[in-house]
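Both of the next two complexes hold chain A, though its partner changes from chain B to chain C.
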Partner chain A sequence: MCSLAAPRLWCHTCLSSSRFEVRNELLPPTVYLRLKRKPEKRLERWFLKAGFWDSIASSILKNNNATETMVPPSTLHEEEGEEPIPDQLLLADRSLSDGTQEQIIFSLTGDVDVHALQDLCDKVGWPRRPLSKVAVSLKNSFLVATLYSITKSPEGDEERKQLIGMARATSDQAFNATIWDVIVDPSYQGQGLGKALVQKLTRALLQRDIGNISLFADSKVVDFYKNLGFEADPEGIKGMFWHLPF
Partner chain B sequence: MHSYISIRSPLLRSTILPLSLRRYITPRYNPTAVASLSISIPDSELSARGFSINYSTTNLDPSALNDVFASVGFPRRDTARLNLALSHSSGSLVWLSRTNEPTKPVAFARATGDGVFNAVVWDVVVDPSYQGIGLGKAVMERVIADLREKGIVNIALYAEPRVISFYRPLGFIPDPDGIKGMVYSRRNLQKKKR
Partner chain C sequence: MAIHSTFAISYASLSPIEPQFKSKPKTKLNPPPLSISTNRSSVDPLQIQHLFASCGHSCHRFPRTGPDGRVELVELEKLRVALAHSFVVVSVLCKARFLEGEMEKGALGFGFGDLFGDSDQRLVGFGRAVSDCGLTASIHDVVVIPSLQRRGIGQRIVNRILRILTSRGIYDISALCTEKERLFFKACGFGFDSLGSTTMMYTQSPGPTTENDGFMVTTAGRMQLLVPPPTHQLKLWKKE
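Coming up: the complex of A and B.
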């Protein structure tokens, strides 16, 4: 669910999908991290690719019924020549009116301080949840995307890192993923950050060969997601929720 | 199997289920109130009819599962990816088999989620030769019971129009208070490409 309830005009000027040129002295080295794939992930990609060839071979060898369909293998990331979404991405680097320098960082590393997340949820008015459960839910999520604001005072001596946005996706890591809990700090809303957050998360999921990305949107934010490529009730398929018997 | 659980304050995102529905989902904690998990066909009757209930993927033959998918019009899945998906259904997995054919699923359902708050149910199928006798309901009820036992009450799914009436009696509501299920489609972005 997105907390961007009020319809606002999006400012696109400070956002683009490419990284901004930055002054080296301001950026910590970690921001330049490219996609650091852990060895197991490399294996997984190979494994998935092997499966792809298996599927081609099996469809040739088997005597398949013409009406049966095969789930098409996803080749998005190869064909479109897209760069993989790195673990950290600089979205904005700007000077504020009081002279401080602020950077907005998108991160997929997923290390979220649950206390910072709770503060963020308080700001948008979401009910509190037991922190231990929140920690477990984050650990069990396939991808956790976060937005951080790093502000540096004009003297350059103080640096403050603040969580200003988050979105997470659960998945079976093969076919389906569902995006939950899209949240942006109200004082950072209206700048296209929520859009960037969901866009990058979606692309990261597609690059991990997840073909079906879904979510459940409050009626007020359906248009927000439509603009990001999500379709409501595709082919009449309805989202349904279970409720307790009364 | 009739198990009883007491509902401790379930946690729910106010933006997922609005206030009008919340009163059904967040009852006040009442130690004496228990919610019986409604199971229409108990385990004993299922086994009397010759069906076995399975909660894990051991013994599940993925190509037999693919056959059932194909027979109901779902796409066949690549076996390796299917195994990957089945190993990551960290929510719930329930399937029925004929006791004399223990590796072939006749009814199947799985749920993914984060294990504490949310779950989404996928791939609910019943072999056409076994439809109409309550097996779909049996697996769904057990998936829901399993999720509720873990404390997950936010259970969602995507239903084709012709099966919405199958899920309603199980307790599912479409578009509660205007909440829309949405799916990403690259086609939509192609249309919007500048």
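Coming up: the complex of A and C.
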């Protein structure tokens, strides 16, 4: 979802019709000011190398048949005092046993193919939800974090991009946020990817001074969230849900 | 009964089975005529700030209280942002002259008549909902001024929010409740999650040791929250 401070060239990338468009919503000016950080801290948090962008651009743009090329992120931020929030982050780069090269990319741009998401939900055994509702929910979520696996064959000519994880947060962008639908492909679980998804969402929310971050956890994953700094029923605060009248 | 452009509520028509209103002594105020609106432009953030203050309500889940026990005033700019990004905003208004007695008793001590300008409508109740407009919604900040509490106004605010959400096909509606608010939401038709999920909130504060040097901390009410550090690269296991 393009409601983060940094203007994104990815927003202009043409997506095929089977994906839904990201809503390019600019924050009101006052929220930009709130993201000001001390200048000496900015460099510490800039962790993407310029060369990385070219490799990502060529692999992902090839899939999308777009002709625009990425520019290094340092040129995206022209406003003084704006925190550079990376659109994409390379989490892992490894060779698999069959010689293929795999990169795992974390992204906050929010472009998710609802069909790919449904396949992922099927893999973890979640009930299916109407695709149109899912698409609307993703479009109107404040943050949508995704994990993609990009595999290159040993010859280097075949590339496959696969959605392997997602998490989203709804928010009023000031006080409250709720994290929903944290999902990781079962064959990629147990490697710290779910933790990375939740930590990055939490970080993005806290950086925007959104202090009430809540979620509703299944009993099996309560410990997972406890290890990430979440507390069950803090000070007796519980979530209640509307029950449909009979 | 006058019909306003927003939906007018008159107590005489609302609750014919509640004789206690009719039998109140004449020295007390008659139940004031109220209007309920879902038009977010009819809501003045300054009035909301005043309403929250008179109810001791904070938008922070763990609010900071001053030495006099009062919660700090909600930041106006953040309130504006929150309103702009709330899917539903419900306000209950009342003509000021019906509230003169209450306003004088109000604890803030300075003339709000001047602050609100010519409009004689005062905000006496409020509620809002945040949603992804497709699957889920959450209700926040349902408040009614103390002098008009326990008359069903809060319930009408929640019902109005529910009506709007369900008309858009959103049925997964949650509300975070303190112990005190649970009974209210139960009366509005809310219950604990039938799927047995646990409500969790991020409360990680920086530890006492120096290992937290260089970590960002943000404040939410009285909570100091540790901002998770950025992950540069994960050490993932090689797949076999």
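Convention: the second predicted complex is superposed on the first by the 159 of 246 C-alpha atoms of A that agree within 3 Å, B and C clash if a C-alpha of one lies under 4 Å from a C-alpha of the other, contacts with A are read in each partner's own complex, and residues count from 1 in each chain.
Everything that follows uses one rule, which is that contacts are C-beta pairs under 8 Å (C-beta built on N, C-alpha and C of every residue); 3 or more make two chains touch, one makes a residue touch a chain.
All figures in this text were calculated on a predicted structure; none of them were measured in a lab.
A.B. asks: After the superposition on A, what does A:Phe175 contact: first (chain B), second (chain C), both or neither?
C.D. replies: both
A.B. asks: What is the contact status of A:Leu91 with respect to chain B (first) and chain C (second): first, second, both, or neither?
C.D. replies: In the superposition, A:Leu91 touches chain C alone.
A.B. asks: Which partner chains sit in contact with A:Pro127 here, chain B, chain C, both or neither? Use first/second/both/neither.
C.D. replies: A:Pro127 sits against chain B, while chain C stays out of touch.
A.B. asks: So, does A:Ser137 touch the first partner chain B, the second partner chain C, both, or neither?
C.D. replies: A:Ser137 contacts both chain B and chain C.
A.B. asks: Where on chain A do chain B and chain C both make contact?
C.D. replies: Touching chain B and chain C on chain A: residues 47, 129, 133, 136-138, 140-141, 168, 170-176, 178, 180, 202, 206, 212-219, 222, 225-226, 228-245.
A.B. asks: If you look only at chain C, which of its residues touch chain A in the complex?
C.D. replies: Residue positions touching the partner: 59-62, 77-82, 84-86, 128, 130-136, 138, 140, 162, 169, 171-179, 182, 185-186, 188-204, 214, 216, 218-221, 223, 225-234, 236-240.
A.B. asks: If you look only at chain A, which of its residues touch chain B in the complex?
C.D. replies: 1-3, 47-48, 50-52, 54-55, 64-65, 68-71, 73, 76, 125-127, 129-130, 133, 136-138, 140-141, 168, 170-176, 178, 180-181, 202, 206, 212-219, 222, 225-246
A.B. asks: Using the touch definition up top, name the residues of chain A that touch chain C in the complex.
C.D. replies: Result: residues 28, 30-31, 44-45, 47, 89-97, 102, 104, 129, 132-142, 168, 170-176, 178, 180, 191-193, 196, 199-200, 202-203, 206-207, 209, 211-219, 222, 225-226, 228-245 of chain A touch chain C.
A.B. asks: Please name which positions on chain B make contact with chain A in the complex.
C.D. replies: The contact residues of chain B facing chain A are 7, 11-18, 21, 24-25, 27, 35, 38, 70, 75-82, 84-86, 88-90, 110, 112-118, 120, 122, 144, 153-161, 164, 167, 170-186, 188-189, 192.
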